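To keep things simple, chains are lettered A, B and C as they appear, and every chain counts its residues starting from 1.
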Amino acid sequence: MTRLIVNRIFATVLVLLGVSFVVFAALHFSPGDVARTILGLGATEERVQALRQELGLDRPLFIQFWDWLVALLRGDLGRSISLSVPVSDVISDKIWASLLLMGASFALTVSFGLLFAALSGGHHRSLLDRLITLLMLFLASLPPFSLGIILLIVFGLQLRIFPISGVGAMADDATVYVVAKHLFLPAVTTAVSSLAVVARVTRSAFIDEMGEPYVQAARARGHSEGRIITVETMRNVLPSFVTIAGLQIGFLFSSALFSEIIFNWPGIGLQLYQGILQRDFPVVQGCVLAIAIVFVIGNLLADILAIVLDPRRRG
Amino acid sequence: MINFAKKRLCKAKNKFLNGFLAIALAAVTLTSPASAAKDTLTIGIEADLARLDPHISTTWNTFKALLHMYEGFVAEDLLAVGVKTPPIVPALAESWEISADKKTYTFKLREGVSFHDGEPWNAKAAKFNLDRMTNPDFEFHQPGSVGLLSWVWGDLESYEIVNDYTFEIKLKQPNAEFLRRLSAGGSGTPRMISPAAVRKYGNDGINTNPVGTGPFKFGERKVGVETVLIKNNNYWDEKRVPQFQKLILRGIPEVTTRELGLLTGELDMISTPSPDSLEYLEAQGITLVKGPVSTIYPIWLNFREGPLKDVRVRRAMAMAIDREGMTKYLRRGTATPAYGILNYGGPGWDPEYRDFAYDPEGAKKLLAEAGYPNGFETRLDWTMGGGGDVNTRADAEWLQRDLGRIGIRAKIELFDNGTYWDMLAKGTREGTCCMQVSWGETGFFWLDLILPTTAQPPNGFNSGYYENPKMNKLLASARATSSEAEMVKILHEIRDIVTEDVAFIPLYTPIQVYAMRPEVKGFVLAPQHWADYTSVYKD
Amino acid sequence: MRLLSIFRNSQLSEVIRTLRRDRSASIGLLLLFVLIFVAFLGPLIAPFGSNDAIPSLRLSPPGTSGHLLGLDHQGRDILSRIIHGTRLTIITGVTPVIIGALVALPLGLLAAWYERLGVVILRMMDVLFAFPMALLAILVTSSLGAGIINLLISLVIVLLPYYVRIVYQAAASQNALPYIEALRASGTPVRTILFVELLPNVAPAAIVYGATVLGSIVVTAAGLSFLGLGVQPPLAEWGVMISEGRNVLLIAPHVAALPGAALTLLVVACNLVGDGLRDALDPRARATINYQANSRK
């Protein structure tokens, strides 16, 4: 098991190296000259060349990448073009806002995903099962930006139950209550389709388990259905549940991007969107890299957890 | 906050049930205004601020913060009620004398004023700032300000310290608008930074550590989220001491998010709600303050773009645009069509003047005459809007349809406002026919920035490369006039030539709107792109 | 010619038969056909042109006479725009799934045949795996520039790692089978083995994967247009329409909500078909493949 985990960590480091190269290269393969973009069309060719030299754009790609990587390890992501402040300053406190949203969405995904799966899979072919299956199909198909806008209209605008802009949650004096209230709509928007996928896949696992001999034995022993679902089968459903839940992290990141924009949640997704609008490539680069790193590490943790939990790989 | 977020995160991961409990609790309780604190005023503006260094600042929204942090020799009195143009009042200069030849300005500086960092304001500080803006050999020279502030210092001959509190500025030629220009902002502003702060933080450091003399000090900035200003308890002008401790400016580009923030109480006040929602907001008990503003929406035409080199094509484009329909339906009466390049609130504006009549059939003929019977393909580079702008993307789509009717097929590309100004400063891109920002000022100095050949990029905003050397001379003589009537006469001549050359297509003049919660009182709407927030209080 | 045999492949016709018996998949298929039909006929059945505006009726609600679904902020008929928009929404969602498969098939086959090349290709795919789907698409479109073609390119790149891995696995399992061994021994050219013999046997796996991932690619494509990175206004596309409707959410929520509903319907149809196809092909696969395409396994 330890060897498996060490291998995974090693592979992750290599992947991160590749990821930073892709992000770095995206800038270089983008049409348009960086120096020209900074100086404008009116600039003379000499000035452009001088700036290219100053920025090191005339050196071989891999040397530039190396410098960029070294700076990156020092936490230096370059300067924002539109604000002329370091990119790391722009994104550092937004990572926490995003992680908060991700954490809440992930909690919703796993808890409600498991709940629906147990309710549905534990009562295979019942009316409840059919209703939940239908609901999950619908939820899994809801684009986050459609859902976000509908939640915004219904809860923020018509019912006025929840605040519609997340910024208030980031005030210095915000209480847990205030944060939770601001977090609710964006977290639901982010979680819904992943939640449905988790529920669907875990439901299948429940159904498979419910047909196993040990469940019939437990029934024969007079154990209640509730106990069978929550105790006896849960242990065996858990590995596939953890795997599918771990796989949702990436999808949650994609969805969070949209809910941050719709609910003005001051996270890294909103910053990325603003970076795109501002054609501020260093900021876009920094945001993409930050999200990818968090994603890769999140996956690593999910993999390790799955290895630890999987009885076949234990011992 | 970061620590808090970390703690919250751990909680969310470990005991998410607790989190659910709190959320369930939230679900049954109605939203309470989050910014209820009486000593904080939170304003939702149209975009996040750009650079906070006044000498290289851009965008009107940025000036909403800068005008509260920094001051110059003189200022416009934005709290004056019932004026068409805000009057010029003393600020860091107590008084001034203008020589008989109108070329020498002697400023008597206000004594006992200090910058937010304790550095005293005096003639030395004034010289430091003028050096920073205009002297390339100065240690702390800001190169970006030379082009950006050319509309202020273009006629500058020299400046000197007379004594500790007397400062003299000499001009090469008279400038009828010089004091107006000294008070202005929006694209660079000649306001005073603490010399000690520049030395301490460096030239670039002023962006993150702005230090001036204004009624508010810089608090903190969360880039892309908000900027917090703190009341300056030692402010010299008793009439403008803020009524509250904290002023928060939150850049929210999405108009709906701004409106909803106001309705739910996250924001106390917003600028520029959508014309479509005004009735709705009023029905919800929101106070609306409307008024005229010295703004115009001119379309820049790219003289270097193939077909547009022919004046007939430019004229056809102007005739194809239905300004009247646009202001009536799209703007719902919160705008009136603009005719001619002179703007409402600026010198020489004439409500009777007309330029191009809406005539799509005539436009088509003209286009055919110019050799484009089937039109051509081009691009509109547009901004999603900045201070005072309302859904400019909808404007672009409207124009696109109008141009489409005469066969001009235009793609739209949208940019954030800050980026857009940078693009405008660099000149219209190849392949783009039109750009547009809202402009117009209380003086005519902005014409100095868009019309003369000397203002072509990168030295100004003649971004469509309009070449008419007459402009340089006419504008210089308009500046040098000694009577208002004479100045207006020259300005009318300028306007007529711009119309004849079809260098710009004026679109409309907006009515500006602020919306605020009922407990917000004391707001004065100036006929300017920004307002003085020091008079606002909460009931 | 041999390629046609994919479609005569007995396994696949079996799949189609099973699919027809599956009620929810049939509903999905029907729905999808209707939407594709609408996309084809678009301009013929839409009451108005996609950019025809009646400014005086701006923001009129659904039910306005002559405008079943109301009008948008420019005074354009929303029903017409949804109908016109079907075409671009489906094209931007479906094309990358098809092109992705066409690009991935040779890549995956080569990776399975040549071991060293395979390592290189698979490691590159690992790196692409490390990006959440929408994020990679954003990175590509924001560096290439907005527009339909770049949108398609970015989605193909997003799909590649998943496709390549699936083709690779399918091909690798075939490689060990006796008939491939026999072909290899008989000196058949590699080209023939890969693209004539192997291809028909690995293609179904790619096709099924494409079907299951279709829904989420449709969402991602519309999402990029929503962000302003894909289809540009005033072209009618549902993501663009939702994004434009956000400006008038307060007084005319239908402008954003209706295209959102249309998009959800399309995705439901795609997912129903995807589910059915997957179940028909391999009932045991239920637990391992899901149509969100972010699986790393």
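Keep in mind that, in the parts below, a contact is a pair of C-beta atoms (placed from the backbone, for glycine too) under 8 Å apart; a residue touches a chain by one contact, two chains touch by 3 or more.
Source: prediction; values computed, not measured.
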Topology of the chain contact graph, where touching chains are joined (line, ring, star, complete, other): complete
Pair joined by the larger number of C-beta contacts - B-C, A-C: A-C
Geometric centre distance via CA averages, subunit B-subunit A, whole Å: 38
Inter-chain centre distance, subunit B versus subunit C - centres from mean C-alpha coordinates, in Å: 45
Geometric centre distance via CA averages, subunit C-subunit A, whole Å: 21
Residue list for subunit A, restricted to those that touch at least two other chains: 152, 157, 277
Multi-chain contact sites of subunit B, meaning residues that touch two or more partners: 254, 260, 414
Shared-contact residues (touching 2 or more other chains) in subunit C: 228, 246, 249-250
Subunit A partner contacts - residues on subunit B that touch it in the complex: 1-2, 4-6, 8-9, 12-13, 16, 19-20, 22-23, 25-27, 30-31, 34-35, 48, 50-51, 204, 207-208, 222-226, 250, 252-254, 257, 260-261, 263-264, 266, 384, 414-416, 418-419, 422, 425-427, 429, 456-459
Of all residues in subunit C, those that touch subunit A in their complex: 24, 123-124, 126-135, 138-140, 142-145, 215, 219-220, 222-223, 226-229, 239, 242-243, 245-246, 249-250, 253, 256-257, 260-261, 263-264, 267-268, 270-272, 275, 286-287, 290-292, 294-297
Subunit A to subunit B touching residues, read off their complex: 39-43, 80, 82-85, 89-90, 93-94, 96-97, 99-100, 103-104, 106-108, 111, 152, 156-157, 160-165, 167-168, 170-172, 174, 176-181, 183-184, 264, 266, 270-271, 274, 277-280
Subunit C-touching residues of subunit B, taken from the complex the two chains share: 254-256, 259-260, 274, 276-277, 279-280, 325, 328-330, 391, 393-394, 397-398, 400-401, 404, 411-414
Complex interface listing, subunit A residues touching subunit C: 11, 14-16, 18-19, 21-23, 26-27, 29-31, 137-138, 140-146, 149-150, 152-153, 157, 193-194, 197, 200-201, 204-205, 208, 240, 243-244, 247-248, 250-251, 253-254, 257-258, 261-262, 272-273, 276-277, 281, 284, 288, 291-292, 295-296, 299
